[in-house]
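After the structure tokens below, expect a handful of questions from me.
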Amino acid sequence: MNNQTTRISGRPATLADLDLFKHVEEHLYTAVVSDSLDELGYRNQALREFMRPLSPNDCFAGWARTFSCVDMYHIPTEPYAMEIAALDSVLLGEVVIASTAGSMQNAPWGELLSTAAHVRGARGAVIDGLVRDVRKIQELGFPVFARGIKPVDSKGRGAIIDYNVPIECAGARVCPGDLIFADYDGVIAVPAEILPQVIQLATEKVAKENGSRAELLRGAYLKDVFAKYGVL
Amino acid sequence: MNNQTTRISGRPATLADLDLFKHVEEHLYTAVVSDSLDELGYRNQALREFMRPLSPNDCFAGWARTFSCVDMYHIPTEPYAMEIAALDSVLLGEVVIASTAGSMQNAPWGELLSTAAHVRGARGAVIDGLVRDVRKIQELGFPVFARGIKPVDSKGRGAIIDYNVPIECAGARVCPGDLIFADYDGVIAVPAEILPQVIQLATEKVAKENGSRAELLRGAYLKDVFAKYGVL
Amino acid sequence: MNNQTTRISGRPATLADLDLFKHVEEHLYTAVVSDSLDELGYRNQALREFMRPLSPNDCFAGWARTFSCVDMYHIPTEPYAMEIAALDSVLLGEVVIASTAGSMQNAPWGELLSTAAHVRGARGAVIDGLVRDVRKIQELGFPVFARGIKPVDSKGRGAIIDYNVPIECAGARVCPGDLIFADYDGVIAVPAEILPQVIQLATEKVAKENGSRAELLRGAYLKDVFAKYGVL
Amino acid sequence: MNNQTTRISGRPATLADLDLFKHVEEHLYTAVVSDSLDELGYRNQALREFMRPLSPNDCFAGWARTFSCVDMYHIPTEPYAMEIAALDSVLLGEVVIASTAGSMQNAPWGELLSTAAHVRGARGAVIDGLVRDVRKIQELGFPVFARGIKPVDSKGRGAIIDYNVPIECAGARVCPGDLIFADYDGVIAVPAEILPQVIQLATEKVAKENGSRAELLRGAYLKDVFAKYGVL
Amino acid sequence: MNNQTTRISGRPATLADLDLFKHVEEHLYTAVVSDSLDELGYRNQALREFMRPLSPNDCFAGWARTFSCVDMYHIPTEPYAMEIAALDSVLLGEVVIASTAGSMQNAPWGELLSTAAHVRGARGAVIDGLVRDVRKIQELGFPVFARGIKPVDSKGRGAIIDYNVPIECAGARVCPGDLIFADYDGVIAVPAEILPQVIQLATEKVAKENGSRAELLRGAYLKDVFAKYGVL
Amino acid sequence: MNNQTTRISGRPATLADLDLFKHVEEHLYTAVVSDSLDELGYRNQALREFMRPLSPNDCFAGWARTFSCVDMYHIPTEPYAMEIAALDSVLLGEVVIASTAGSMQNAPWGELLSTAAHVRGARGAVIDGLVRDVRKIQELGFPVFARGIKPVDSKGRGAIIDYNVPIECAGARVCPGDLIFADYDGVIAVPAEILPQVIQLATEKVAKENGSRAELLRGAYLKDVFAKYGVL
């Protein structure tokens, strides 16, 4: 693990990136991507089960733009300096993904930040913590996964202390530039260095699954399907 | 904190009260009310994130009618005496808000109590515990926020031991006569003594937010919006 | 408690069984069944509140086919041997009900097993753990109650080590052949030996409740309704 | 389960009772009593692992005198009425055993109540909650098992609402008059109706264990010891 | 609540301060101080029950020097800058009291920091998180209360991001300059503005308790002791 | 990660192994070994904070002999077959280290297994679960780390289903043959493939720490010590 990191600037998504995101969103799903990661020995890339979408059809893929939020118990001198810098630096094709160390006292995400991220070209947000303004976020159409909902502001409860650094989000390590993919089954982080293999393996696996599903629907026993396809 | 309390009888909501509830439900939202409470130094008025509505459009405001429920492990001689007294005393414009000390063994609220509260003129219920008969409560159209759902009865599992006394509900202190306001973001308790200021601050803040939202939607950076409006 | 058990083979549901399931699903509900079990002294038959349906209308009754899943941290030589045997042995009219000792690392149920159980004639599944492929399970129309959702596979994370043995599922003891009944309020296990009395008591209680509900809706006080009907 | 109970008056321990307590404390231990209860089909009589002694040598047996404590959030009119009645009714040879529904806000036991119970002839106390004045309780020599330690008073935080009724203490059901036995391994409740069989089985089992221990210490393999003694 | 704070420089303890600490440590105890705070309406000043001393005789009083620690998942450029500043600024008569937002991944305190704080004149440390080097800390004789023990370093796991600001430690709000008092019953924070009244009330209460204890030890009933002294 | 494993037979410790264990126990400590593992990029080798020694001086090093325990809710046909095989296969110089998936219902370790392991030459046991017979284990002098204490037997509550396979114990992955080292700060697992480097780094680091400690004790500021030694 390369633990020593400096802040990474990133670049806006290219047309090829946007095509990739579309392929992932429309043809793959997080479960098959998780299996492909398992096959390559990356077994802890899925975020924990408490990360749920605000709207049932929320689904997106994009490059991780990490935020590091922490709890606070007072209002510092410049409470928003880092938050403003973090949000304003979001680039086309990124997914805001925030660690809060599992905070249940603070709701570090709401309508305003959703709007700001949306107009910068972000594809969604993944907040390992609480959020608010959910109805307005749903109206905006910006997809967000979060741990829970509570109507409190972050002022005097927490702050963003860094961004574009490695974080832990809902049990998985996420580095800037990882591919974040979220659908109804949850959220998965694909490390940048193995992305091509993962996409290829997952695309192949989707095709294969159609065979076993069809046989099972015709009434075949698992024993025979497994003997034929070698997978379950 | 005035801890020494006697049972408070309350009075039915007046027409002015009902107008206030309508204003709160239609023009305010819990997040902006929470911010106004913060501004006045009341920072622990929002109930915890596990309090969720049984139906997604549940939204109500009203005076707190507190119930104190506790776990029991046997059936006392008069299991329903206090429960009947508590329910039958509910007045027009009240919100039943119940503490259970976070019980996960008992479901102290269901269709019958929803019906009884509804016909007495209650505007909703907030149960820091489990509920049952959810489908029938939804059909009745009575809005309820709860911690969870389980099909068990309260008989031999718990009892109401007092009502119209200060309680703690999902992490927030609630006194009889506080304004309880619940929408999709959660539930907030507004202490009676500061209600007018809170309503005024919240109403003003709603207006201001429209400005910053409009600018952000036009693509402005947070830095500039914050410089102009002074809030985030 | 008879703790010493051998594996029970069971038999497919008869037409009378299927009629019973239909009666339970259409005329009873878990809350009234729970009350009937309480009355007979069986007070811990409801599964805990975290067992929720994947689709809001999921509702089913059937004979318990228990699975015992455990966490693993490596891939054993024959990872699927017991899982295949367990699934392929599912019979018409059964409900797959799985213990995982509350695992949050493994998702032992998904589309493939739902399909396999569905074509064998299972009426639903109750998984005290995580599941995946939720969208596909919803499309299949197979009802499932679970503790949560995460996109990971069971390979190298857990295994089925036995089936048709007594288990503990979400806090309740379940034996093969118990009646499992699930509706929006949750899941309840009815021990086989008292099933007839429970069905009779519950059917009677449903009728009685209509009276008290009607009176309450006309504005009666709980005190008077309780004096007349003797129940709450 | 006999759920419908009235308050039970009890009687002071006889000389025979005191001899029994001495036999249990000096010749048995909770593990062997737990095994004997298992053998008779009573498998949930041991309190949970978080119940620990305040002093490492705390060990006692006596008749259960149950207290039911609940959380409160205000000071009622007569905060101590039931507490005084409960404590003053403690009889020679009893063990105070208190349910708090797992409260972590209140410390319902301390030096004063320890002293009062001690002079009434209580053999110890088991508090499923927090306690305070631990140093003074240790100096008094009164043995207490508890869930934790915190220096807060119960006034305005909780109250005793009943005594001599069935309770649940740290996961186990306890009825007035059960034998409570506590040693370094934890606390176990022996239902009164099976006490003679449990004492007999446990006394026999202690004798048998000496044989297998001796063989193991001489280097025998478990396989051979099990083949010879039929127990592990 | 004054939430807007700047860093407070403090001053070393005077001889009068040191006399006060000695009085508190030798003549008062946290339980009686907690009762005095209750009486003045400060009801949430005791830290939670999981804060335990590393050595059973750890007992100290001193002025709060707050540290704010947060979890991190990488090694920042200057990992120790704030930690060195915080430790080197500790003054005679202070108690280091650290918030970690309840971190279980990081052990932000050990022998080195204990030694540094000790030589600066600190009277003890209260760490709402994990610690290590416990044997060496015990040998040094520096008293520490903590949430738990784990042998990991803070490098790449967490960092001190601020000091001398208001924090929340184990459930209680602590401001720089509060009196922190820890004994075997736990830890309590006395706000500076009410310290004189608290000390006076607590000193008086200690005297009174001796009367009721003596009567109880002579066999008096609680009812009569309460009638005579008016307190329990 | 090599996930596919077959059961590993191991070999008894050699004299060189025993010398190594002695060096580790007498000259190193878990904190410095953890730091050395961190330096080599192995950052999750320390078991969680709830693993505590039964006796305060328990300290041992040895080769991991892993056991995999799971919860059960009935008594299988041969409840002890795998347990007997596992215990009887323990070799000189091994540490029994057991996963239970965090079970709180079962106490899979007690005096009998301690005795059996002790006579086979085991150096200690690390049980991620509950244990019983603690007094007798202490008298035997066999060092055990565990999650908690409860007097229940494993029969009908759990079973050993495999041994000498990779497990997860209290949050850390452990493979057969890893070096397990436990002292008062906790337990750490050193993967076999990096053991020599870890021992070397840790031995060097112990020497260096003496310098900075000595300077701090003389009153040096952290800033200067860090400038001189480059470590904290």
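Labels for the chains are A, B, C, D, E and F, by order of writing; each one numbers its residues from 1.
Here is the rule we use: contacts are C-beta pairs under 8 Å (C-beta built on N, C-alpha and C of every residue); 3 or more make two chains touch, one makes a residue touch a chain.
Keep in mind it's a predicted model, so treat the numbers as computed, not measured.
Taking each chain's centre as the mean of its CA atoms, D is the chain most distant from chain A. Set against the C-alpha centre of chain B, every other chain centre is closer than that of F. The copies chain A and chain F differ by a rotation of 180 degrees on their C-alpha atoms, rounded to the nearest 5. With centres set at the average Cα position, the gap from chain C to chain F is 40 Å.
One simple way to say how far apart two chains are is to compare their mean CA positions; for chain A and chain B this gives 33 Å. Taking each chain's centre as the average of its CA atoms, chain A and chain D sit 50 Å apart.
Looking at chain C, one finds that residues 3, 43, 156 touch two or more other chains. Residues 3-6, 68, 70-77, 99, 101, 103, 156, 161-162, 165-168, 173 of chain F touch chain C in their complex. For chain D in complex with chain E, the touching residues are 80, 83-85, 87-88, 104, 110-112, 115-116, 119, 130, 132-135, 147-153, 155-156. Contact residues of chain B toward chain A in the complex are 29-31, 33-35, 38, 43, 46-50, 52, 183-186, 188, 209, 212-213, 216-219, 221-223, 226, 232.
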